[in-house]
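When the chains are written out, they are named A, B, C, D and E in that same order, and each has its own residue count from 1.
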Amino acid sequence: MTSQSEIRAQPVPRPGLWALTVVAVLVAAFLVWTFATSPNVHWNVIAKYQFSHAILQGLLVTVKLAVICEITGLLLGIVLAVMRLSSSRVLTWLSGLYIWGFRSVPLLVQLILWFNLALLFPHIGIPGTSFVVQTNDLITGFVAALLGLTLHEAAYNAEIVRGGIAAVDRGQVEAAQALGMSRGLLLRRVVLPQALRVIVPPAGNQFISLLKNTSLVAFISGGDLLSTAQNIYSGNFEVIALLVVASLWYLLLVSITSVLQGRLERHFGRSSERSTKPQRDEPAPAAVAGA
Amino acid sequence: MTSQSEIRAQPVPRPGLWALTVVAVLVAAFLVWTFATSPNVHWNVIAKYQFSHAILQGLLVTVKLAVICEITGLLLGIVLAVMRLSSSRVLTWLSGLYIWGFRSVPLLVQLILWFNLALLFPHIGIPGTSFVVQTNDLITGFVAALLGLTLHEAAYNAEIVRGGIAAVDRGQVEAAQALGMSRGLLLRRVVLPQALRVIVPPAGNQFISLLKNTSLVAFISGGDLLSTAQNIYSGNFEVIALLVVASLWYLLLVSITSVLQGRLERHFGRSSERSTKPQRDEPAPAAVAGA
Amino acid sequence: ALLLGAAACGSSGATTDASSTGAPSPASTLLPKSVQEAGTLTIATDAQLPPNNFIGPDGKTIIGVSVDMGNALAKELGVKAEFVNTKFASLISGLQAGRYDIAMSGITDTAERQKQVDFVDFIESGQVFIVPKGNPGKVDSQDAMCGKTLSLVTGTISVDLAEAQSAKCTGAGQKPVEILKFPTVADALLQLTNGRADANIANLGKAAYQAKESGGKLEVAGTPFASSYDAVAVKKGDKEMIAALQYGFGQMLEDGTYQKILEKWDVEASAVDKVVVNEGDSLESSG
Amino acid sequence: MTTETASSSLSGSLMVRAEGVRKSFGRVEVLKGISLEVARGEVTCVIGPSGSGKSTFLRCINHLEKIQAGRIWVDGELVGYRQVGDKLHELRDREVCRQRAEVGMVFQQWNLFPHLTVLGNCLEAAIRVKKDPRPVATERARRLLDRVGLANKADAYPRQLSGGQQQRVAIARALMMEPKLMLFDEPTSALDPELVGEVLDVMKSLAAEGMTMVVVTHEMGFAREVADTVVFMDDGMVVEHGDPQQVLLRPENARTQSFLSKVL
Amino acid sequence: MTTETASSSLSGSLMVRAEGVRKSFGRVEVLKGISLEVARGEVTCVIGPSGSGKSTFLRCINHLEKIQAGRIWVDGELVGYRQVGDKLHELRDREVCRQRAEVGMVFQQWNLFPHLTVLGNCLEAAIRVKKDPRPVATERARRLLDRVGLANKADAYPRQLSGGQQQRVAIARALMMEPKLMLFDEPTSALDPELVGEVLDVMKSLAAEGMTMVVVTHEMGFAREVADTVVFMDDGMVVEHGDPQQVLLRPENARTQSFLSKVL
């Protein structure tokens, strides 16, 4: 009887989908081709600078700043998020004030203020001791960049982490409390590992923004990737070529980030899946949402 | 019997917390005071420019661009997120490609490429018709800014929305499907309203970043708030004063955003709370997390 | 120099179809047809460089040498000048994309840049130092730069000069020049006020103006060295435009408009006798 | 062709007909050839140990899962596919939705929409899927809520209700679509014992009115009282089926016997 | 001062003593003066309708909720406060944690840590709170898992287990802390009937070994068989308490009677 047999159904024809795909691929190919063959895009210049010492130096600065400030900014952000969610009014308020202030002041302004701290405090010393340094010696461009980027990232990451913590099931906290775990312990061992599932996608965004934001160190004489490219083109006027050089490196950096982000998401998504049913490997939660 | 009586316990003394608060308030007060009284901060200049026509004009450009591109970027981002999570490989891949590309290329580069599209296509026309326009006439600075910012925001928002959708309970989708809701309907009426709870905090971040990112339109001769301030200080060398002017406006903009964000969070957080118990008004999920 | 003849050619070509415009002035027919038709000369400038091109005290109008020169030029050529404030990156790419007709932004003519655009050189000036009041770093000559910190603007020839000097310093067993680079003049000069840097290098006209504007915090030091041309940037090979500009400048030099503008901004010392094309390298080699 | 005609004629009196339904998740086969017939107006209770595939089978009837082999008809219409000659064609989203709209489903975890009021939960699909005018839908919703004893909760949000109340709203929501068939997946197992009665009462009255129902349940009392047929599933197969007296009180199969001894 | 001495002497044989416990959420009073005594080694079952405050009371014993009036002592020690003269002082986080560590609690929704394996769930608090050396803790964890019949699941993640298995892990996790008192909040109500037995069996064996337990449950069979005392709560008050035979079979209070008639 045929109706007993395996189901090998004709899928619903999706001419629209295929048309869209073909159009998208054609458009992308056309853009890439036009770009690649345009006489206004000087590939010889791009080739010359892609691996030049100055650009690589800038790349290094960008990566170094971004990685360091991601770590420090995330740690400070976690502290701020926990303060924000704490039961102490004072801490909530302090953290709210910080987040408000550092999300408000443009990063550029912050960097310039830190770099020029000597305008406000020519010397920094510890009162009562003879320890006094010239502010300008203490706050080098790199230090100013670290400070500015860390404080800036912390404010944004605090919001992201707060969202993640709020999404963790309350039962988890109570179970940990019932086992006698202190607040710090339950936060570190129970809440944060589970919050990461929600935190990772926006944190990925934020890190990529950070990679780009390093270019503001140009204003404090730091030589990151993008501003190195800008420095070079302001000398030789090869604007498009140098921007392509920088963009290609960014494509690489973002690719690496995306791969890492995907790994983290799979790692935390897998173990954090709540399930009331045994041994069920749920499919991606919203495969249902699409065409 | 005393043990029957109301509990009015002495709270645990928290000298550390109070010390922290006092130090934080003192430091903040000291910074504000030093800043306010520093001879290097020219309050008369700040007062002169705070409400000057040029600055207000810049503020308007910033707000206009940010609001329009938040809307367009969020809508496109939702489409991309849904594509990303769809069961169609092709759509998933197209959306992934888009997100990768537009998160990678620095916004600055995108803006410059759009603005100078004429380098690649001097004329734009519809083949087969006589409709042809000069690309430079079509792509004004404002159009280029809208294009660039929208496409950029869409990529970031797509990731945020994807995270939000993934956090919605699968049972909700199935319940909607079982009622015969089509994919579009269940997405609009069931999934997205609930995803917003997780989406709002990072989306708030993203909008504030967008407010700041409008300053890149300076590269395509748009006059936003921050670059107007920069232009002015280039002429009169009042760097700090003009940056303060811009920052004060940003403080106002971010305050408004934060208030709106808080409202949205409360709105969506309230109704989306899952609860297996009747009539329980759960306290903020992680008030437990703090000191 | 190489383009002078070609420019003449171009101008004669333009004359033939001048009949289409309403303006009978022979000068207006020199401009490329598209500019004639539009009636405006679109000039790109990065308004962050006083006294050449910067935002006036009202906070929005672009003023300066470039603006006055551009307006006068346009008048000579029978069109209106329209200034667009933009950052350096789209100054050049916009020129190449045909969005702007010319760029006037205190641009220095160098051999390397001539590969991308053509220059009509109309200001010649040597470089001097801008230092904090009293010149605490004692930077008053190129050799005095050794071991000192200079805060410079990216993309200006001052960076090349400082780097060359730094090499000389180390060659002579002295400390190198420490170079900080900033996107705008204001950001660079702030480091002099802030005490982080000892000097900035700028051409004489700009330096004098900036010292004056600083309200006594900064002053000019040293005698001018390393002369260079400030130029109008024109899309590479736009011979008609070059010819038109040369004609316009020629008229302005003749009737004294040119000198008056320079005097207005206190930079008359930077005047040229004759406007030339792509001659930047000739001064560099001599400087 | 013959099959098509055969099935049509057969299913004249049948609301659900399943033939050799197989379903795997990855490499694990969860349903191993389920055949079942539910006549119009009949109540069928499905019992069986956890993991035996009861929920999966119910979900297949509503095409929430795609089956790998076999066929399911609801009211004579093939679920999820259109047969043209020998070939099967997947139905479009729109058609699948139409089929699902005609079948009501109540889940164990109720799954009310938390962002809508009780009334909103009831109206949503009626207005947007069934395209009822709002006044008509509201009128029906109030009648149904009254019937499940929640007339006064129309404006409450789900989180303000007890589990038993939420489950009754879920039933009203499903009934709003005026389905020809109701599927219940352990509708009382997440409820406190005291609340179970409320929900079972509503289901009994539905059965009494002649609604065709397939109910996965562990409430043996309910099965005995209401079911026309009891189906015992184990390990993806129908092990025993028949009228409740026979299956529940005199089971033949050893597995059924051991299961019932634990549950009763 | 007198109270202090009185309570100390009284509680010599008492594991839990609650006196006039009141608890409100906002304006709603949920516990309206609960007094209760649980002797060492005794099993107390708390029954009552939904919303009567059973869970809230259990949570108060573990100081997961702060009470507004009254006192609770566990093993003679005031929960959550230190009394100095007439004045109460809140305990520091560290001391509250120590008190909680001595009381095991098993929730209705089991609440295992999804990111840790079964063994990891058991070890976490033992190593980090109780400060047992890892080998000692691992050794004990394996013994306990063996005891609840899950020795072979040590490396599985919670989501790979059935509900009954997860609940048994939750019990093992609580026992890892070697508590003097175990609190169970409807430990079987989220389980399928077939799985309930597994969990009740473990609890019975615990009771047999003399563990003091307070169990909120709807399993009347269990209460009858295992409990030394049954407490019936309604609307935030203890309505009836006594030995199971009396409360369950010959309830005096009308509310208890009506409740039991529905549940049994």
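One rule holds for everything that comes next: contacts are C-beta pairs under 8 Å (C-beta built on N, C-alpha and C of every residue); 3 or more make two chains touch, one makes a residue touch a chain.
Keep in mind the model is a prediction, meaning the values are calculated, not measured.
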item	value
Chain pair with the most C-beta contacts	A-B
Gap in Å, rounded to a whole number, between the CA centres of chain D and chain B	44
Chain D and chain E, separation of their C-alpha mean positions in angstrom	37
Distance from the mean Cα position of chain E to that of chain B, given in whole angstrom	46
Residue numbers of chain E (touch at least two other chains)	50-51, 93, 109, 162-163, 190
Numbers and ranges of chain B residues touching at least 2 other chains	40, 108, 112, 116, 119, 174, 177, 183, 239-240, 276, 278-279, 291
Touching two or more other chains - residues of chain C	89-90, 93, 96-97, 187, 190, 193
Pairs of chains, among all present, that meet the touch criterion	A-B, A-C, A-D, A-E, B-C, B-D, B-E, D-E
Sites on chain A touched by chain E in the complex	169, 171-172, 174-183, 185, 189-190, 193-194, 268, 271-280
Chain B partner contacts - residues on chain D that touch it in the complex	62, 64, 93-94, 97-105, 107, 109, 111-115, 124-125, 128-130, 157, 159-163, 165, 170, 173-174, 177, 190
Residues of chain B touching chain E in the complex	1-12, 276, 278-279, 281, 291
Chain D to chain E touching residues, read off their complex	49-51, 162-163, 186, 189-190, 192-195, 197, 218, 259, 262-263
Complex interface listing, chain C residues touching chain A	88-90, 92-93, 96-97, 110, 112-113, 115-117, 151, 154-155, 159-160, 180-183, 187, 190-191, 193-196
